[in-house]
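Quick one: the structure is below, questions incoming.
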Amino acid sequence: MRIPVAILGATGMVGQRFVQRLAQHPRFEVVEVAASERSAGRTYGEAAPWRLEGENPLAHLPVVPCDPDAVRAPLVFSAMDTEAARLLEPRFRDAGRVVVSNASAYRMAADVPLVIPEINPEHVEVLRGRPAGAGAIVCNPNCTSMPLVFALAPLHRAFGVEAVMMSSWQAVSGAGYPGEPSWDILGNVHPHGGDEEAKVAEEPRKMLGTLADGAFVPADFKLSARCVRVPVVDGHLVSAQIKLKGDPSLAEIRAALEAFRAPIPLPSSPVPLLRFTDRRDRPSPRLDASAGDGMAITIGRIEPCEVFTVKLFALAHNAVRGAAGGAVAVAELLDAKGLLG
Amino acid sequence: MRIPVAILGATGMVGQRFVQRLAQHPRFEVVEVAASERSAGRTYGEAAPWRLEGENPLAHLPVVPCDPDAVRAPLVFSAMDTEAARLLEPRFRDAGRVVVSNASAYRMAADVPLVIPEINPEHVEVLRGRPAGAGAIVCNPNCTSMPLVFALAPLHRAFGVEAVMMSSWQAVSGAGYPGEPSWDILGNVHPHGGDEEAKVAEEPRKMLGTLADGAFVPADFKLSARCVRVPVVDGHLVSAQIKLKGDPSLAEIRAALEAFRAPIPLPSSPVPLLRFTDRRDRPSPRLDASAGDGMAITIGRIEPCEVFTVKLFALAHNAVRGAAGGAVAVAELLDAKGLLG
Amino acid sequence: MRIPVAILGATGMVGQRFVQRLAQHPRFEVVEVAASERSAGRTYGEAAPWRLEGENPLAHLPVVPCDPDAVRAPLVFSAMDTEAARLLEPRFRDAGRVVVSNASAYRMAADVPLVIPEINPEHVEVLRGRPAGAGAIVCNPNCTSMPLVFALAPLHRAFGVEAVMMSSWQAVSGAGYPGEPSWDILGNVHPHGGDEEAKVAEEPRKMLGTLADGAFVPADFKLSARCVRVPVVDGHLVSAQIKLKGDPSLAEIRAALEAFRAPIPLPSSPVPLLRFTDRRDRPSPRLDASAGDGMAITIGRIEPCEVFTVKLFALAHNAVRGAAGGAVAVAELLDAKGLLG
Amino acid sequence: MRIPVAILGATGMVGQRFVQRLAQHPRFEVVEVAASERSAGRTYGEAAPWRLEGENPLAHLPVVPCDPDAVRAPLVFSAMDTEAARLLEPRFRDAGRVVVSNASAYRMAADVPLVIPEINPEHVEVLRGRPAGAGAIVCNPNCTSMPLVFALAPLHRAFGVEAVMMSSWQAVSGAGYPGEPSWDILGNVHPHGGDEEAKVAEEPRKMLGTLADGAFVPADFKLSARCVRVPVVDGHLVSAQIKLKGDPSLAEIRAALEAFRAPIPLPSSPVPLLRFTDRRDRPSPRLDASAGDGMAITIGRIEPCEVFTVKLFALAHNAVRGAAGGAVAVAELLDAKGLLG
């Protein structure tokens, strides 16, 4: 018996990725797809053309409104935009549903865990002991934070991170659909015009921080980010220049990274979780983003930094690991810990 | 009477840019185009197809070998690759020619000035007083250093730079022709596989350093660079996170940048030299690289840095300002200072 | 004294091209920029970010509504979308204005000339003798028809065209802004989903037809078009396989093409008007579209066709020659013929 | 027991695709990888960086020379360039090997079958009855012909093809590696500078022709092709405007296409073999080329042609179906027919 789930905001780019990732999931079964009023009443296939490879596996499902009265599944994945999420996710929580959200609205809320299952699974323990039938919101981080946090976590635990400079080369799918007009990005790159840098400056600290007496205490390093959109379809590449406590050698740093393992096996968590490349021109989104079925992180060019301790590149599939796939893994974690119902 | 000049390595990407930039120059006239042996004996139009917009203005010229016996012009622009430059530039110098080079071979040599005319024109004074008829090599910096140095120079003078983190989003024309295979870069980005980061770590320090008793003393800040190739035709975007001495405010920093002017007017030096954009998604190579006929630098997103003092983006046309156009401006500087012959 | 003109739909992609092309026009002066209600009341610079190279030359102008009561200029250029054009262009005409339109709404209307000034200037004679103060609508063709008609016209006159097979490789700017989502076109091409093929099948026949007793009689050849969008910024490449009457040789065909000249000199009409390339891999949009300040057509690969008489490629800048620049040239024609007032 | 096979030209783009496709093949096992002298002596992983997604499955194999004395496998796949193929493929054949070639050198040779296994499997019957131990060369067609022939074959059999106009939007991987310089194709398209159009004009006629008394009699229709390179990684889109005998209706044409089935099931031949899309903006290489594991053909926009009988688009993965995958399927056909030795 699989757990029935719904997808809120199912017609968008991340919504379709949820449908794709959940089509043959061992634990979850999509029984409802919800979207804004203008899609409601149509089938999912009619409401929005399928934009991914292959066929829409749920084309026949009717689209229902993003309303807890219309959606019955006890577990809902939210791919809604920020404003809709801000309004609607609390309604689902208050109606007793567990909301696993890819939206940014509640990521930094004091009572909401922001989780990468392989990094800070213990943060979801704030859900334990909630009253029977109580709902919850659990968030997935920003897609740019994703590869960065995977690179920082082993180093933060082994040595302690003091400061981070990050730059990104971000794919267009991170902006959803229609997202970036082709005129702006063809043969071009440009600084991210939104608040991506602010998100990246705070989300990793929450995830790498601790849960103490039910409160999330952020890690205390500083992070400066520069985010730039590039004409890549899928896959966010980031560079990190990292200042570590102590004076670890490059060999110690590499050893700490290579020793990292997921603490809890989950259906969507690949083995290996971190891939390391020794090629000077990699990682590279078109060739590396789909590794581990889009859920592995590829790390390369681990080198001495002239200013801080070490510099490296990390890459993740922004729409899979950094969005739908990451959120599904969060739900798998809740399931594995018995926190879903 | 214009000064007769030759172009060494004329058939390559930078060589064609030299031809394009010099086609109607007020002070220089291209009288010879030189290339490797396999091109010699053909006309310039036959030796290599024209790859820039418009028509090849020197298609009829015969191609001569890159040899001081075959080339007569007293001033030669070198667009040769590193290995050829290492071998041949000294021969031209020893034959009494002034070589203005875009190659990297001698940029860090103790007796070779590395010059951006608007930044460190005084460095060419090492040529003054050389024996009558003596040649010289003067170098243009790496195309990635170019926008960075323009952003750093006003701040270094006003406050003193302590450390710099740089990242780049670099166009494919920086690799010459054929350069980057399309398979590697279409819908993709990748870490620069060459020694670009090492060049960027040392060249700016030489240019922002001083000339004391005929020796170049580099500026003493540290610089860590990450260089990434992106699917852009022309235009290198860089981000810099900069640690400054003192604790200047953002207003003071912006004022220092805006006050910067070229010390010596030159035909190729545009007014304004630095352009400032207030748009959050700019500068952007496709729209900004050609400003000032490809010779202006565009700076944007001057913002507080969470880790260092300030962060900003800077952009320059790598093939014009960062290569042929920059080298032509160096020759204009030598001409203006009476150092050509 | 320049003629005051207004631009309707000034904030869109073609509207900005009109502003750019008219910034220093010898005969026309933009005195009003009009856009939809939501832009009215703001300055032109505020109403829409400038998306072309360089600076917005009319940023300070107030935006007025697209209404003949708000717009006073006697000559208006329309860059409105089809629906707005269908509704509003007749109002301007009925208010005594001459509307030169880039919209498709009235191109095939029986009383509206569809004009390329160098091809069928005589079609505008339908305006002659209209009552004093009477307005008119004159249309510019579809941007994909543009290069095709320039290739067909000399052959139709010299030999007679019997049938045409056309394919296109169309730039994204043809869809306006935001136009094509980057997700759909990055590293991709796709059949044009709109009615472009139908437009291309009929517009060339009207332009290459005759004006008899005040009626437009279309040329009687058949045309089958396949239109495909490609990840190119500006410049539509078309191939044409053409069946000609008689059995002209390739030399005769080439001679007919090369002999073609614009019948009436106009400020925006370049010399040469048609460029011919002998390179096998040209014409190519990025390198050829801007020839003749974006107003020249480049033709290449004139070769025997295995099925019809001849095949060739033709290229035009879709946003300049195929839109704003072409429409400006139409107005120049009206001016030259004394038909504006 | 799997049949031992070798790959000639294994380090190139198509060579790597062969390795990828054969890594887990049910009938063939790669035991040797051969390349030019400069690669010989190194391991396959050292000889050329892996350029496809995932890991090189044969990195450890030593590279041997492309010489029948160095290669022992009875079945060899040739991914050599044309000149090497012209020289070396006969040597392998004369040494008793069966050569299944992706090279163009012998495609039109009178004694060499040119085969798409689902289209003209009977052509390989020329191999039957050859002396024991005799070798053979069997060819795979040009990658641009591939989608075209799949679209033409059902129509040629049902109605008879009289004439075809074809245009292509071809991916860069068709040019191998390094292939197309990024400077030439970024934000650009250009006419194919090689002899692609000539290949497309003759290869389909051979495949759709008959085998009579051991001789290949080509189909008698005429074909005019225009081939254009576009900035797409993998996947050739073609349009065909087709003149058919009789006057079949669009419904009859569609029925003939939809009724087409592979005559012989083969491991690499997908079900369905032909996919039909009803979306106006499809097929599209990035989304459709990998259908059927890269071996399905996608057909769309089957519409009346204003000049001929019908027009449509067809798409195939050029590097899989149109190269390595297609050649593997040819070998599967030889195996299924007992013609391998």
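Per-chain numbering from 1; labels A, B, C and D assigned in written order.
Rule of thumb we're sticking to: a residue touches a chain if its C-beta (ideal position, glycine included) is under 8 Å from a C-beta of that chain, and two chains touch if they have at least 3 such contacts.
For clarity, every value in this text was computed on a predicted model and none was experimentally measured.
Student: Which chains does chain B share as contact partners with chain D?
Tutor: Per touch definition, common to chain B and chain D: A, C.
Student: Hey, which chain ends up farthest from chain A, C-alpha centres compared?
Tutor: Ranked by distance of C-alpha centres from chain A, the top chain is C.
Student: Taking the mean of the CA coordinates per chain, how far is chain A from chain C in Å?
Tutor: Averaging C-alpha atoms per chain gives centres 46 Å apart.
Student: If you average the CA atoms of chain B and of chain C, how many Å lie between those two points?
Tutor: Roughly 40 Å separates the two chain centres.
Student: Which residues belonging to chain D are in contact with no fewer than two other chains?
Tutor: In chain D, 51, 184, 186-187, 231-233, 279, 286-287 touch at least two other chains.
Student: Quick check: in the complex, which residue numbers of chain C touch chain D?
Tutor: Within the complex, chain C contacts chain D at residues 163-165, 167, 169, 184, 186-193, 201, 222-226, 228, 230-233, 237, 239, 241, 279-287, 300-301, 305-308, 311, 313.
Student: Show which residues of chain B lie in contact with chain D when the two form their complex.
Tutor: Per the stated touch rule, the residues are 13, 51, 172-173, 177-187, 231-233.
Student: Report the residues of chain B in contact with chain C in the complex, numbered from low to high.
Tutor: Spelled out, the residues of chain B in touch with chain C are 49, 51-54, 186-187, 233, 279, 286-288, 290-291.
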